[in-house]
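What follows is a pair of complexes built around chain A, which joins chain B in one and chain C in the other.
Take a look at the complex of A and B:
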């Protein structure tokens, strides 16, 4: 029965980030935190594996304000959540994050299977699964669209652009899953209520035995600016849709976009 | 000797990375080392302006099994920069190499420069909402998406190819069957015109109406992630977005597409962007050249009729 750990990231909801037109800086004051979208698929996959094979699902995150995330994570079928809550996470790059998670996993592990999403919805670095596997000395398989577990054997189907590839693993592994691996279920009221009684544990970053160098990012942000879209923004909104359509067709004709008649 | 390392599992991308490597060389004054693995085709690599070409040869054909060997090469040569092809395999290999070297890695860098002893890179954040300029300490690694740089041309020189034996046996992993992905219809990224379906379209049957519109424009059909991955109305290969297809056709025409930033990031380089949506405040209109606010079930039939006449 597999013991599974899912890594998740607690991120700002990009839908609520606004670009300030002056200087193109980002206004995050109205943005709330959420579980990174694709991490929900990783959690869902872990829960589905356990529903089929037995075992347990734990989750871990490195970030800030992580307490707020516990209820959502635990109501999705996770048995226990670990949090490394530290301001170091604010400027952490994938190098630092992987160092922290690997050190924590050495402490609370071993796990038969460590699941990550293929990337986070904020920075989409797509590195954590691969880096963790290298740091922990475990097989690391990315871009996975299907997982089958049987005993201590795992088969993972990867989607690699122009082909799919099946990888068979014996023993422990770190697997990064694509969002298409499953459809995330919405927690039931019963699950939400049960979440409050489930355990959570804080791991202090100082207790991980990492050196200052291992916590110092290699990649630092010089600037972050909103992406500028320069478009004509001609929007037809008459009540009479026939008028709108003929105006649009006229505009598209001018752009040379109508189908040529042969 | 310190140098700039180039690797991709895709040889076309390797040639594009050589261009990026040669640009870095101008400022860094370090040689460009190209790495190939296993049986990769050498044609057209040894006569580029790259300084040295190395072939890592091991017993296992799986590209990912060379991550250790590439990391060993990088640390022996004390490379200062490594550019990796941004394919799924390449991103995995780059991250494993970065972890083994204890190095920083920038994913899908859009530009890479050498500045003040660091690599200076740009990349997208928040699903394409923002552009980040980042500074990476050396040794610095980056993955680069296909078609970011032109392929390196050939030069007069014929670089000697050095073969290095690599230990790349895998103990716990066996690679099973690989199957080519069967694509339905044409390559979306090559289409001149695309009509794209979003969640504003109420049911699968209505796709026939959208098909008619596409036909009237001589366009291919694309969609948002939700249509492909949540509703499964169209194959995953047809969804446009930062994690899906990136397209830049002459015309992108969104029908019932609200314009989430992740979708916009996959199509905003289109020449002309058109949108039909119910919601006047939908972000798609900020990204569009032309738009109609209205019920697509009223507008689309009128439009098909107008296009036919």
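Take a look at the complex of A and C:
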């Protein structure tokens, strides 16, 4: 019966983020946090595996304000949640995040299977699964659209552009799943209420034995700005439609959207 | 005092929003057009534990509190007021009354099956010739040995025709006005009971209305809900509690209407710019948003009072009076923002308008709450 760990990210809900028209900065003052959308698929897949094969599902996150996430995570079928809540997470890149998660997993593990989403719904770097497998010395499988477990044998289907690849592993593994792997079930009201009674544990980042270098990001975020599509609203209204078409074509060519045939 | 929702309430709100989007939204327009009963959604409501949300764990409920229930109603009403109405009639009327006045056997039999969704309940109070939800209560329940024999009709019964049992109010004592009515649990297979017709209506169409007939319907004293003569008390209190949930329904529809109007205003170009730039449109939306926010606070406050076991008759009347008007006025403006398109059935606001209109009319006219509130203040 597998012991599974799911990594999740607690991100700002993009629906609540507003773009300030002056300077295109992001106003997150009224934004709520949520479980990164794709991580819900990873949690769902872990729960489905356990429903079929027995075992247990735990979850872990590195971030800030993580306590708010516990009930949501636990209501989705997770048995226990671990949190490394630290301000270091605010500027952490994938290098730091993977170092922290790997150190914590070494502390609370071992796990038969570690599941991640292919990417997070805020930055979608697609690095955590691969980095974790390298740091933990475990096989890493990415872009997985189907998982079958039989005993300690795992069969995973990878989606690769226009083909699929089926891989088999015996023993532990880190798997990154695609959103299409499943349809996330909505927790029932009783699951929500039961979440309050499930265990959670906070892990201090200082207790992980990481060096300053391991907590120093390799990538520095310079700025985050909103993207606004400004339409030009050009109207061609000559009486002669032929002239309008010619002007439209000339205008599109000027913008670099049309090219003459070579 | 704070209306900050706790984590569980926020999760219930968010999960219900997801539930409504996934299961209710795809059928909301169709059930309205076809006047069809959303059986599958009702099963999903039961499966996700909505029917017992505030009802006791002992009978399969979740005991999450009435505010949680109200939050769920509001989220469902944003998508389908009819589905929200089914939930209110099942839980806030039939469920509340059974839980408060039912005997242990009645709770085991009816409340448990209502919570699991095995049985659908309904509240049969109004009769032909009166406003939906109100008197005049001519149906008689005459004692015959240890039994009662019911004769008469009920009308405008929500969940009617689909329900497996009805809480029926009949006259057991013509002499004493304060103890005139009693309440009975009537199962649909009881001889002499029949659904005579379904009643088409303007909005909230997913929740069916029916007219019921009772011809020498014999029930045992075990089917009496509460004590003989307690019918008026049961009806008044259950209706007040349901009124608060009905307020949440109105808020949900009004919020959805406002969001539709705001989105439309941002997209609709007139005179070379979105109509959202025009002061007349902005003022309408600002007023809608303000009114909905304030009305929501009143509903949450009353729900909170119900959780604390306080008397909410006056607050329920205020919600009936104020929130219903706010809902209707908001939808008038939401349709107005859409201009001529708002009159078209292509625009969902026309359905929202029809859905919310009933809240002023169902359970008595809007004059009743005013007289109740005034009496509380002056008499």
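Keep this in mind: the second predicted complex is superposed on the first by the 231 of 262 C-alpha atoms of A that agree within 3 Å, B and C clash if a C-alpha of one lies under 4 Å from a C-alpha of the other, contacts with A are read in each partner's own complex, and residues count from 1 in each chain.
Keep in mind that, in the parts below, a contact is a pair of C-beta atoms (placed from the backbone, for glycine too) under 8 Å apart; a residue touches a chain by one contact, two chains touch by 3 or more.
All of these numbers come straight from a predicted model, not from anything done at the bench.
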item	value
Partner chain(s) touched by A:72 [first = chain B, second = chain C, both, neither]	second
First (chain B), second (chain C), both or neither touched by A:233	both
Which of chain B and chain C A:207 touches, first, second, both or neither	neither
Partner chain(s) touched by A:127 [first = chain B, second = chain C, both, neither]	first
First (chain B), second (chain C), both or neither touched by A:244	first
Touched partner set for A:192, first chain B, second chain C, both or neither	second
Residue contacts on chain A - larger count, chain B or chain C	B
Touched partner set for A:20, first chain B, second chain C, both or neither	neither
First (chain B), second (chain C), both or neither touched by A:220	first
Touching partner for A:1 - first (chain B), second (chain C), both, neither	neither
Chain A residues contacted in one complex by chain B, in the other by chain C	233
Parts of chain A lying in touch with chain B, wherever the complex brings them together	12, 14-15, 17, 19, 26, 93-95, 98, 118-119, 121-127, 129-135, 139-143, 155, 158-171, 173, 179-180, 183, 217-227, 229, 231-237, 241-242, 244-246, 248-249, 251-252, 255, 257-260
Complex contacts: residues of chain A adjacent to chain C	68, 71-72, 75, 186-190, 192-193, 195-196, 233
Residues on chain C engaged by chain A in the complex (per definition of touch)	7-8, 11-12, 14-15, 18-19, 22, 47-50, 53, 62-64, 68, 72, 272
List of chain B residues in touch with chain A within their complex	67, 87-89, 91-96, 98-100, 102-107, 120, 124-137, 140, 170, 172-181, 193, 216-218, 225, 229-230, 236, 242-243, 250-251, 260-262, 264-265, 268, 272-274, 280, 285-295, 298-299, 302-303, 306-307
